[in-house]
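Structures incoming, each one as structure tokens.
In what comes next, subunit A is part of two complexes: it sits with subunit B in the first one and with subunit C in the second one.
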Partner chain A sequence: MKTTISALLLGTALTLASAGLASAQDKTVKIGSLSDQSGLYADLAGPGSTLAAQMAVEDSKLKDKGWKIDIISGDHQNKPDIGTTIARQWFDVDKVDVVVDVPNSGVALAVNNVVKEKNGVYINSGAATSDLTNAQCSPNTVHWTYDTYMLAHATGQALVKAGGDTWFFLTADYAFGAALERDTTAVVKENGGKVLGGVKHPLNTADFSSFLLQAQASKAKIIGLANAGGDTTNSIKQAAEFGIGKGGQKLAGLLLFLTDVKAIGLETAQGLNFTETFYWDLNDQTRAFSKRFSERMKNNAPPTMVQAGVYAGLMHYFKALEALGGNPHDGAKIVAKMKEIPADDPLFGKGVVEANGRVTHNAYLFEVKKPSESKGPWDLYKLVGTVPGDQAFTPLSQSTCALLKK
Partner chain B sequence: MQALYAQLLVGLINGSFYALLSLGLAVIFGMLNIINFAHGALYMMGAFVAYFLLNLAGLNYWWALLVAPVVVGIFGMILERTMLQWLTGLDHLYGLLLTFGIALIVQGVFQNYFGSSGLPYAIPDQLKGGVNLGFMFLPIYRGWVVVFSLVVCLATWYLIEKTQLGAYLRAATENPTLVRAFGINVPRMITLTYGLGVGLAALAGVLSAPINQVRPLMGADLIIVVFAVVVIGGMGSIMGSIITGFALGVIEGLTKYFYPEASNTVVFVLMVLVLLVKPTGLTGRAA
Partner chain C sequence: MSALTDDTLPVTPRAMRDEMIVFAAMAVLLAIVPFTGIYPFFVMQALCFALLACAFNLLIGYGGLLSFGHAMFLGTAGYVSAHALKVWAFPPELGILVGTAAAALLGLITGYISIKRQGIYFSMITLALSQLLYFLYLQAPFTHGEDGIQGIPQGHLLGIFDLSKPLVLYYVVLVGFLAGFLLIYRTINSPFGEVLKSIRENEPRAISLGYKTDQYKLVAFILSGTLAGFAGSLKVFVAQNASLTDVHWSMSGEIVLMTLVGGLGTIFGPVVGAFVIIAMQQYLAGFGQWVTVIQGVIFVSCVLLFRRGLVGELAHFLRRSL
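== the complex of A and B ==
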């Protein structure tokens, strides 16, 4: 009996000791790349985002410094319930520490709550809704790349100032579309413009002709496309068919990605104005990264801004991990560290991780090239303007994030 | 009022796709008793073949209208010979599951190689531009789609309901043994019928390539609606599927105008209503 008890005690002591040792040197991190892997956003995020995450792990060289980093990926199928189920399983069973990517604002907001509840780290690069760093902000969330406020301000302001003072919206009928329409409407009104109307279409619509006819009948100067991915490409393609550009109305793709422009083709897309925060052909550093990326990518596609954001976000996260030295499982603590370190990476340049989780960096106004100007299969944009980071995103004074009221 | 005319016309355009696809489904179900869930994938293949013909072989849209249905039709006949024919006499469920599996595989393969955002396909030069009808700007291409699919639908109906060949076909579904006794090669006829149904799907795919993106999931998004159309029209009824195809396109178009949020559910609401009142569909006969 005595021996049993002492054996038990010894065992417990040993376990405790080893647990203590482990936590002192715990350098194990698991990254979950949660995305739309096969639907309408799969090309602009999806497998490419997982590749970007892998490249970030390799480029950080943390593995040489004794860190063990794993990446797993999941398909949320654009359904919030599936997204949260995967996220919960990742935290509870797979011991994931950081969730990246997550396009689709509806899913992104749902996952935001799970990550906060589980005290993980959430580096969102794929979703647009500015609510992630306003009403729904969380101490565990960092929002990279872009948001609806930025899109609305950069593109909206430029168009209204160029004389496009009456608007009609084609809006995807979910969280993202609503946020983008709301933010753009505010900008249009601020700059003296008027919104004449709008129509909400279901996500993943193939035929836009009915909606385009309504937009045409509104006589608005600008038809704002508050949608994304396949919905945007179909609207633009079909708008050309209905002679919308020739009738004097102008389309504003409020959110366009490289893969969208590629899919529409320069013939139809030429002349479109829109905003992105990353383009592969911006400078030597973006070109170098994009070359390495496209060599490993199916179809040799260069990275979209979402994929670039996954890379940049993780690189910044790794800086925070190194600064903390280990034990990467307290999400809020790591995010706090990420906010302390100034953001500076080869893809987005210098930036700031604001107190509300918003990362600010330059935004660029692009115009789609004419077919005659394009020199390669992915030579699609020309730069027409730059909005500095401190003007492109929500000023902290206007942010409704509760974290700011301390 | 003008806007209403425009929406009616737009509905008719969408209706032509529904009609072409549901017609193919009706032909296949009527003759082979197979619920062809691979129809959407075959429609998508039609669009992709058009894209390949243009970009690899330099054959334009008009050639694609001719060649793509034949190529995809042959693919369909191979499917029928190698797999579907073994399901004759089994429960509908087996055919449904098999074709659904085929659809997933085909879509997966295309998605693996071509991604999800799709490939561009331009409207042929002859059909570019549009005419101002007063109440709306009608792209010439869309007008062409309505006229062309109407002609194809009626020709198919005529072939099956009014010709000698069609009579053999209908007889073979009623009593294959007896028809064989007359010296007619029934299995070959069944294979050709499947090829015809599949060819119709591919034709719809070519027609839609210039309007929509050529995407691996273009069929998957559409096929569920088309099935609802077939159910409403009555499984296996040729004329029924043509008429409901056009009619539902119009109803959907009107919904997009009056209450756009419901535009992708209205067809299913109608399906439920029809099934409650007349479970065999509007023009279907009781089995």
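== the complex of A and C ==
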């Protein structure tokens, strides 16, 4: 009898051990960094995001533990069809496990579908649209860094509370701009502010003079810029030429990256208020990371929040893989694990991967420094306020994600 | 245009036989693609563009009409099919049908307006109309602007063929391409095609012979637009999205490029041209924006060194029509 039991126990132990070994044996991971490598988002994501991914692989030290991790990168050229073609080929031919970065909301949503279909892992850090974790949420997607809801709420709320209770919008005339204006309008009204009007401008506008004159004539205290990239930098530069900042009106760039501020220059950008979730000069940990990062960048630029998000997202992904003891090549399973483990990394601090895939962490309200306050080429921001993660992002009760209805 | 195509040989039984042999060879080669390890998704995409280029070639190569707005048919059919499949939950065959029908209707309207002028004016009107549509699609709510229509369900064709299986989809696209190709081939070699060629060579003379050339041109325009639309509808199943790229003027330019590289006014030229251009985009993608520059260099050298295009030069060398 005793021998039977011990034999059974031994058998069970062996089965368990072999099962453990089987999953532990597969320790290969392939990362695809899909980004705009040469267009208007190349500076804020692009090659820097690939570098961030490489640093995440190195810092995870998984290679010392016998893992084999490869990174490939692709250029989606800001076209949804090119993005999906690359992503599909990555999954079919190159056997990619995880797609990271993907700026441009249109491309991001298209790739979201492919990753879900192929059961991969999608850690988006570059796109703004909050649809990724609402109407179009997926069990394979984790959305790091920021989204339109966060931008609208953090910046909008802070500015209205600071006395900016009348608004005028300059909006890029397409889906992303409209969403950002809509979200911000709701926040302004919620906080007792008033929207005096708005004007839509075509994408990629060179001459903002007529729009800016309308904004000036509106006498609104805040001119909200619901646009991105080149449009934002152009409108801010031209606003300075019209003396809008000096006339008492304040500009609010609703989506502004470190590289945008650098491109505008402190002289013009000073005093701008906006929200980001990462800045290289926040604390010792971000400074240490940024130093290592910028040493390896071609133009010695510190990381933007998008690039930092790629790093943080992958670090969390590796944690989930380690917890699973190997790569199961099952995207939904890995993402479920990522949601179980609390997020904690040196760049974004503590955070939660919510059930809808949204990662919530602190958001920071910044003001661009005056040229006299800046001590270095990248010393651009002054921290004005901190919004805790649970207030900065869409509350789960308001999320329209189908994953939440169970 | 006549200088490029005047050595097209008259249709003889021998030429017909040669062409059918080449066609059979092409069909067999394409049919064995899934078993060669070539990425089928890439070939499917190339097939859609090949059909598009063939449809475009029907208009310029045989009718002498340079449309610089053919992307509007591709994009319109794509958007309509995508919307029908996703929002109205149409089965695939109906989705293709409404997409193609929309392109045909668009062909009727735009053709009616544009064939009233000739030469560069015709090209400019087609370009203007396609730009008009581009901005319409940019603003129209159902196209979702910059985001495009995404995550389109592939469904079961005729309730039997599961299009989400790559192999099934491949053969469906292949059959669609071959059918479209044969239709174009038949059109070119019909009495209608002969009249088209005569209009291309000398329109006043065709009029003096009693042909109502406007009607012929209009029918050719609609046919070309419809087939381009058919290609657009098929592409929806392959790419599972419909985006602004497909209605942008640069797409119209790419269609011209494919046809020129392959050979204007040749039957197989556009197919070869489409495969060359799509393969370049696919395998040179790592160079990012440089792909456009490389394409430009190829375009210039093509026009300077072999004006008849790859297939056109080959046909000229062999003294065959291909």
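Going forward, the second predicted complex is superposed on the first by the 380 of 406 C-alpha atoms of A that agree within 3 Å, B and C clash if a C-alpha of one lies under 4 Å from a C-alpha of the other, contacts with A are read in each partner's own complex, and residues count from 1 in each chain.
Here, a residue touches a chain if its C-beta (ideal position, glycine included) is under 8 Å from a C-beta of that chain, and two chains touch if they have at least 3 such contacts.
Every value quoted in this text rests on a predicted model; they were computed, and no experiment measured them.
Would you sort A:Asp75 into first (subunit B), second (subunit C), both or neither based on which partner it touches?
second
Look at A:Ile264 in the shared chain and tell me whether it touches subunit B only, subunit C only, both, or neither; answer first, second, both or neither.
In the superposed model, A:Ile264 contacts subunit B only, not subunit C.
So in the superposed three-chain picture, is A:Ala288 touching just subunit B, just subunit C, both, or none of them (first/second/both/neither)?
It touches nothing on subunit B or subunit C.
When the two structures are overlaid on chain A, which partner does A:Ala110 contact: first (subunit B), second (subunit C), both, or neither?
second
Return the chain, subunit B or subunit C, that is in touch with more residues of subunit A.
Counting contacted residues of subunit A, the larger count belongs to B.
Classify the contacts of A:Gly39 with the two partner chains as first (subunit B alone), second (subunit C alone), both, or neither.
Both partners, subunit B and subunit C.
Of the partners subunit B and subunit C, which touch A:Ser209 in the superposed model: first, second, both, neither?
First partner only.
Identify the residues of subunit A that lie in both the subunit B contact region and the subunit C contact region.
Subunit A residues touching both partners: 38-39, 173.
Show me the residue ranges of subunit C that touch subunit A in the complex, using the header's touch definition.
39, 41-42, 45, 138-139, 144-148, 150-151, 239-241, 243, 245-246, 285-286, 288-289
Which subunit B residues qualify as touching subunit A in the complex?
Subunit B residues touching subunit A: 2-3, 6-7, 10-11, 13-14, 111-120, 122-123, 129-130, 136-137, 139, 141-142, 211-213, 215, 217-218, 221-222, 253, 256-257, 260-261, 263-264.
What part of subunit A is in contact with subunit B in the complex they form?
The touching residues are 38-44, 46, 173, 199-202, 204-207, 209-211, 213-214, 216-217, 229-230, 233-234, 237-238, 241-243, 247, 259-260, 262-265, 267-268, 298-299, 301.
List the residues on subunit A that touch subunit C in their complex, please.
By the definition above, subunit A touches subunit C via 37-39, 74-75, 77, 79-82, 84-86, 88-89, 92-93, 105-106, 109-110, 113-114, 129, 136, 173-176, 203.
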